[in-house]
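The next part holds the structures, each set out as C-alpha cells.
Two complexes are shown next, each including chain A; its partner changes from chain B in the first to chain C in the second.
Moving on to the complex of A and B:
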C-alpha cells in the first residue's frame, strides 16, 4: 500500500511539472505579458519599460527555470497585476473556492446517491422517471442561467438570500446549489446504473434469501459494491469544482481562486497563473489518489493489483 | 453558446425589470454602495491601470490644479496660483492649512518628494506617459515650489489636474507603492478605511477636507465591491445592496430605464471609436494602401445608424481622429457621408469591382465590429473578424500583422489631443499611417507653448488624416450609469465617478 502511494506521488510530481511547463509556454503564446501588465492604452515606452523591468527580454526557457528555481523553494513571487505575494493572494482566494467546492460536492452527493438508489429500486417507475427528469434538467441547464434565475427568485423577489458577496453562510447557499446541481446528474446516473447491475447479481439474491431486511440489502450489500465507480467520478468532479467554478464565482461575486485564475490568464499574470495551475493540478492528482485509496478500502480485490 | 447566453441575460433582465419593486437603499446609515466590474490592480495611482483606480485616485488624493468639468478652466487645488518662470519651469504657490488623512501637514516637501519619485524612471511608475515630462522639483519655501520639466510640455496643467496627485512624501518613502496601495493616505475628500485587494474598498468622508474647487463630500461612507457579472449588479441594485452601477452595456441600460426606484442616466464620454487601416502597407501587399479603398470604407459605414441603434444615449458621430471637445481637436476635416454607391464607385475605380476581403482585429465591442462588417459587405468588402484579448491584438499590431483594427481610445481622460493623435500618428508601433508630414506637424504642436500655434498644427494633422482617410473615425462613446433613485448625481464626460459630488436626495 505504501509503495502504491509513493509511486502515485512521484507520478503526481512529474505531471505537475509538465503542466506548469506547458502553461508557461501557452501564456507566452497568447500574447506579450508586458503589454498586459502595462494595461490598455499603454504607450510603447510604457511597454518597453515593463519588458526590461520584468525580464521578459530573456529567453522563455531561462524565464521558466528562474521561476521553477524559486517555486521549489516555496517562493511564487509577486503577482504582476497586484504586485502582492502570490502566496497570500492565492491563499485568500482559495479559502472561498474550497468552501464552495466542499459544499457543492456535499450537496451533489447528498442528493445524487439517495436518488440513484431509490431510482434503482423501482426501475422505470414514476419515481425513476422523475429522478431522471431532475438529472437531465441539471445536466442541461447552463450554470450562469440557473444562477441568474436563483438570484431573481431568492434574492430579488423573496429577499431570502444575498445575491453576491462572501459575508455570511447565506452567501454560499445559491452557489452551492448551482455548483452541486451541475455535478449531481452524473453521480446519480452512475449510482443508479451501478445499483441496477448489483441488484441483479447472485449475492443479492442470497442476501434476500437469508432474510436480510431490504434496507440492509440495499445499503450494506448493494451500495457498497455499486459505489466504487461513483467514488472515482466524485473525485474527478471534486478536482473540477475546486479549479473550475469560474462561472459560479463570477455570477455570485465570490472572488475565489477560479475567478482569479480566469482573470489572471486574461492579464497574462504569469506568477499567479502558474501558482494556481500547480495547485489545481495537485488537487486533481490528490483527489484521484484519495479515490484509489478509498476504492482499495471498499474493494479488497483492488489492494493487491 | 454566446447567443444562448445573450438570450438568457435578456430574459433574466426582463424578469427583473417586470417583477420587482426595488428596496430602499442605505440612505438611513449614510452608506453609498458601489459596484465595480473589474479588479483594481493597485490603489496607488501611479501603479494603477484601471478605470476603477482612477475613481479612487480622485477621491483619495488631490492634484496641484483642478479642471472645472463644466467650463474646462484650470483653477487652483492644492496650489492657489502658478506662474511659468520659463518654458520648462512652473512655479506654484501652495494652499495653506491642508492636512493629510493621517494629520500631517501638507507642505512643499510633499510636492518635491512626490515629483522627484515619479520623475525618476527607476521608481518603476507603470503609467510612464503621465510622468515622463517631469524632470524634478525644488522647494523655494514651505509654500512655494518649482516644477522642472524635462521638455517643453504645453499640456502640463492638464496632467497636473488629472493623473498627478500629491502624496505625503515621508509616509510614501517609508511604505512605498505597495504600502500605499494597501493603506493609502492623501489629502482628498475621502480617506481609506480598508482595502481588500481586488475585492472591496471602504472609504470614509474626510471631515477636515479643505474648502477647495472639488466641493465638499456629503455622503459619509462609500462601500465599493467588485461584482464581475453585470446581471448580478442589477439584481443587487434592485435589492438595494448597491446604489451605483456604472459603465453598463447600452441594451441592459435601456431595459432598466423606467423601472421604479432605479434611475438610469448617461453621459457622453471622451472615448472615441475608430477603424485603423494599414495605409503604410506594413502587413505587406494590402488593398488598404490605396486611398480610394480607405475612403470607400469611410463612405460605406452608416455611423449615425450605429449611434442611434447600438450606442444610444449621449454618443455622437465623430469625424475627427479625436473627441470634438478636446483641446486641439479642430473641427475642420474632410467629411465622409454615408453613401454606399459612392463607396462602390471608389472601389471600382481602385480595381476592386469583384470585391475584396480584409482581416479585422478587435478586442471589445464585437457588436459594433459586426455592424461594420455588415455595412462593408453591402459594398463588396468581406471582413474576416478576429476577436482576441487586448494584449494579443496589440501584439499583432506591433508585429505588423493586423491590416485593420477596431480600436477605441479614452485619451486617459485627458482633455488634450496629444493624448490620442500624437499617440497614434508619431511613427510608434501603433501608427498605421507612418506619415512624415504629420509627424513633423505633431512635433511642433506637442511642444509649442502658444495655444494658437498648437491648434494650427493639430488642425493641419487632422485635415490630412481625414483627407487621406488613414482612419475611419466612428463615434464618441457613452457611459451608462444606474443609481437607486435616492442618489443625487450628474455624471461627467470623463468616465469617472466623482464621489465628492454625490448626495442623498
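Moving on to the complex of A and C:
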C-alpha cells in the first residue's frame, strides 16, 4: 500500500512538472510578452527596457526555473491588470470557488449515490424510472437556464434567497444546487449501472447465503464494489467544478476563480492566467491522486497493479 | 424412524416469461434425514441447482416457488418470513457454490468474510470469532491459517478459495449443507481432495448434506441416497446400492451406461450415450418426461406415470412391472 501511494505520488509530481512547464510557456504563445506589457505606441527602447526589467531576455529555461522557484513558494508575480500580487488575488477568489465546488460535489454525491442504489435495487420500477427522468433532465438543461429559473422563483418571486453575492451561506444554496445537479446524473447512473452489475455477482449470493440482511448485502457487499468507478468519476468532476464553474459563478455573481480566469484571459493578464492554469491543473492532479488512493483502499486488487 | 431433517413435497419452480411459463422444477418429493448424504444427479438444466436455491430461499425475484410441504427441522419454510429465513441461512443450513473464483467478495479479506459468517448469527467477541476462523481454515487443510486471514481472495488459488468457502459454510456448524457441484470448476487433481475433505467434515460434524453433482463416480463413493433428476422431475430415488445395482428407470440405466466400468466395458467398445436432448421446459409435459429419448417408449408412456416403489426405492416409469404403486411417502 505504501509502495502504491509513493508510486502514485511520484507520478503526480512528474505530471505537475509537465503542466507547470506548459502553463509557463503560455506566456510566449500570444506573441512577445514585452510588447504586450509595454502597451501600444511604446518605443523600441521602452520595449527593451521592459524586456530586461521582466527578465524576458534570459534563456527560456532559466526564466522557467526562476518562475517555478517563485511559484513553489507561492509567488506568481504581480497581476498586470490589478498590479497586485497574483497570489493574494487568487487566494481570495479561490476560497469562494473551493467552497462552491465542495458544496456542489457534496450535494451531487448525497443525492446521486442513494438514488443510484435504490434504482438498482428495483430496476425498471417507478423509483428507477423517476430517478432516470430526474437525471435525464439534469443532463439536458443548461446550467445558466436552470440558474436563472431558480433566481426567478426563489429570489425574485418568493424572496427566500439572495440572487447574488457571497455574504452568507444563503448565497451558496442556489449555486450549489445548480452545480450539483449538473454533476449528479453521471454519478447516479454510474452508481446504478455498477450496482446492477455487482448485484448479479456470485459473491452477493454468498452474502445472502450467509444470512446477511438486504441492507448489509446492498451497502457492505454491493456498494463497496460498485462505488470504485464512481470515485474516479467524482474526482474528475470535482476538478472540473473547481476550474470550470465560470457559468454558475457569473450567474450568481460569485467572484470566484473561474470567473477571474475568464476575466484575466480577456485582459491578457498573463501572470494571473499562468497561476490559475497551474492551480486548476493541480486540482485535477490532486483529486485524481486522492481518487486513486481511495480506490486502492476500497479494492485490494488495485494496490498491486 | 425419526422425522426427517428436511421434508419436501411437490416442490415446483416456475419462471414466468413472455413466451409461456418455464417449469424447470416440476413437483419433486424427497426427505433428508439427519447425518445423511443425498446426492442429486442429472444433466445440466435438469433443475438441480434451482432445487437447492429454492430450499435456501435464494431464488431470484422473477422465479416462483411453490410446494405442498417444505419443512426443515420442524420449521415450515413455505411460510417463513424473510427474517426467519435469514436466521436459518448460514446458521442452520449453509451452501457451497459451484464457482469458487467469484463466490468470495474481492474487496474483503477472507478473515473478514469468515468472521462475518459467524458474527451474523452469534454474539461473541471478534477475537473468539477469529479463533474459530483459524480453527476451521486448519480443518479444511489450509496451512499457515492465521496468516491467511489477512489475505484477499485474488491472492488464493481456486482450490484454496473453495476450501475457504467450505470453512465459511461450516462456521456456525449447520445441520445441513447443500453443495452445488463444489468441484466442477476445479482442476481434476484438486477435485478428489476437496470432495474427500467435504465428505469427511460432514461425517465428523454429523451434518446432513445434499451434494449436487453429475459425477456418478463421486456418488458411488459418498452418497447414502441418490436422487436422479431429469427435466425437473426426480425419476428415481433410492440408496446407492439400489439405484446403482438395480436401476429401474431407463434414464438411470442410460446414465450408468455412459460410464466405463473395469471388467465390463471391453477395449474399443463404444460407451453408451443417451440420444436426443432434454425436452423444452415450457408448458406441461404429458406422460413421461423421458419418453422422447427412451428406447422403450410406447403408447403407455403418454398416459399418467405412476410412481412405483420397492422398499423405498422409488421410480417413475410404466415399464417395470411387479412393483407396488408408491404411497405418497417419499424416500
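The working rule: the second predicted complex is superposed on the first by the 231 of 305 C-alpha atoms of A that agree within 3 Å, B and C clash if a C-alpha of one lies under 4 Å from a C-alpha of the other, contacts with A are read in each partner's own complex, and residues count from 1 in each chain.
What we mean here is this: contacts are C-beta pairs under 8 Å (C-beta built on N, C-alpha and C of every residue); 3 or more make two chains touch, one makes a residue touch a chain.
Everything numeric in this text was worked out from a predicted model, so none of it was measured.
Of the two partner chains placed by the overlay, only chain B lies in contact with A:82; chain C stays clear of it. In the superposed model, A:205 lies in contact with chain C only, and not with chain B. Which of chain B and chain C touches more residues of chain A: that partner is B. Shared-chain residue A:74: touches no atom of chain B or chain C. In the superposition on chain A, A:263 makes contact with chain B only, while chain C stays out of contact range. In the three-chain superposition model, chain A touches chain B and chain C at no common residue. Within the complex, the chain A residues that touch chain C are 201-203, 205-214, 221, 224-225, 298-301.
For chain B in complex with chain A, the residues that touch the partner chain are 4-5, 8-9, 12, 15-16, 19-20, 23, 39, 41-42, 47, 49-50, 121, 124, 126-129, 132, 177-178, 181, 197-199, 225-229, 231-232, 235-236, 238-239, 241, 388-392, 394-395, 398, 409-410, 412, 423, 428-430.
For chain C in complex with chain A, the touching residues are 56, 58, 82, 86-91, 94-95, 97, 99, 102-107, 109, 116-117, 120-121, 152, 154, 165, 168. Of all residues in chain A, only 30-33, 35-46, 49-50, 53, 81-84, 89, 142, 144-145, 148-149, 151-152, 155-157, 159, 162-165, 250-253, 255, 259-260, 263, 266, 268 touch chain B in the complex they form.
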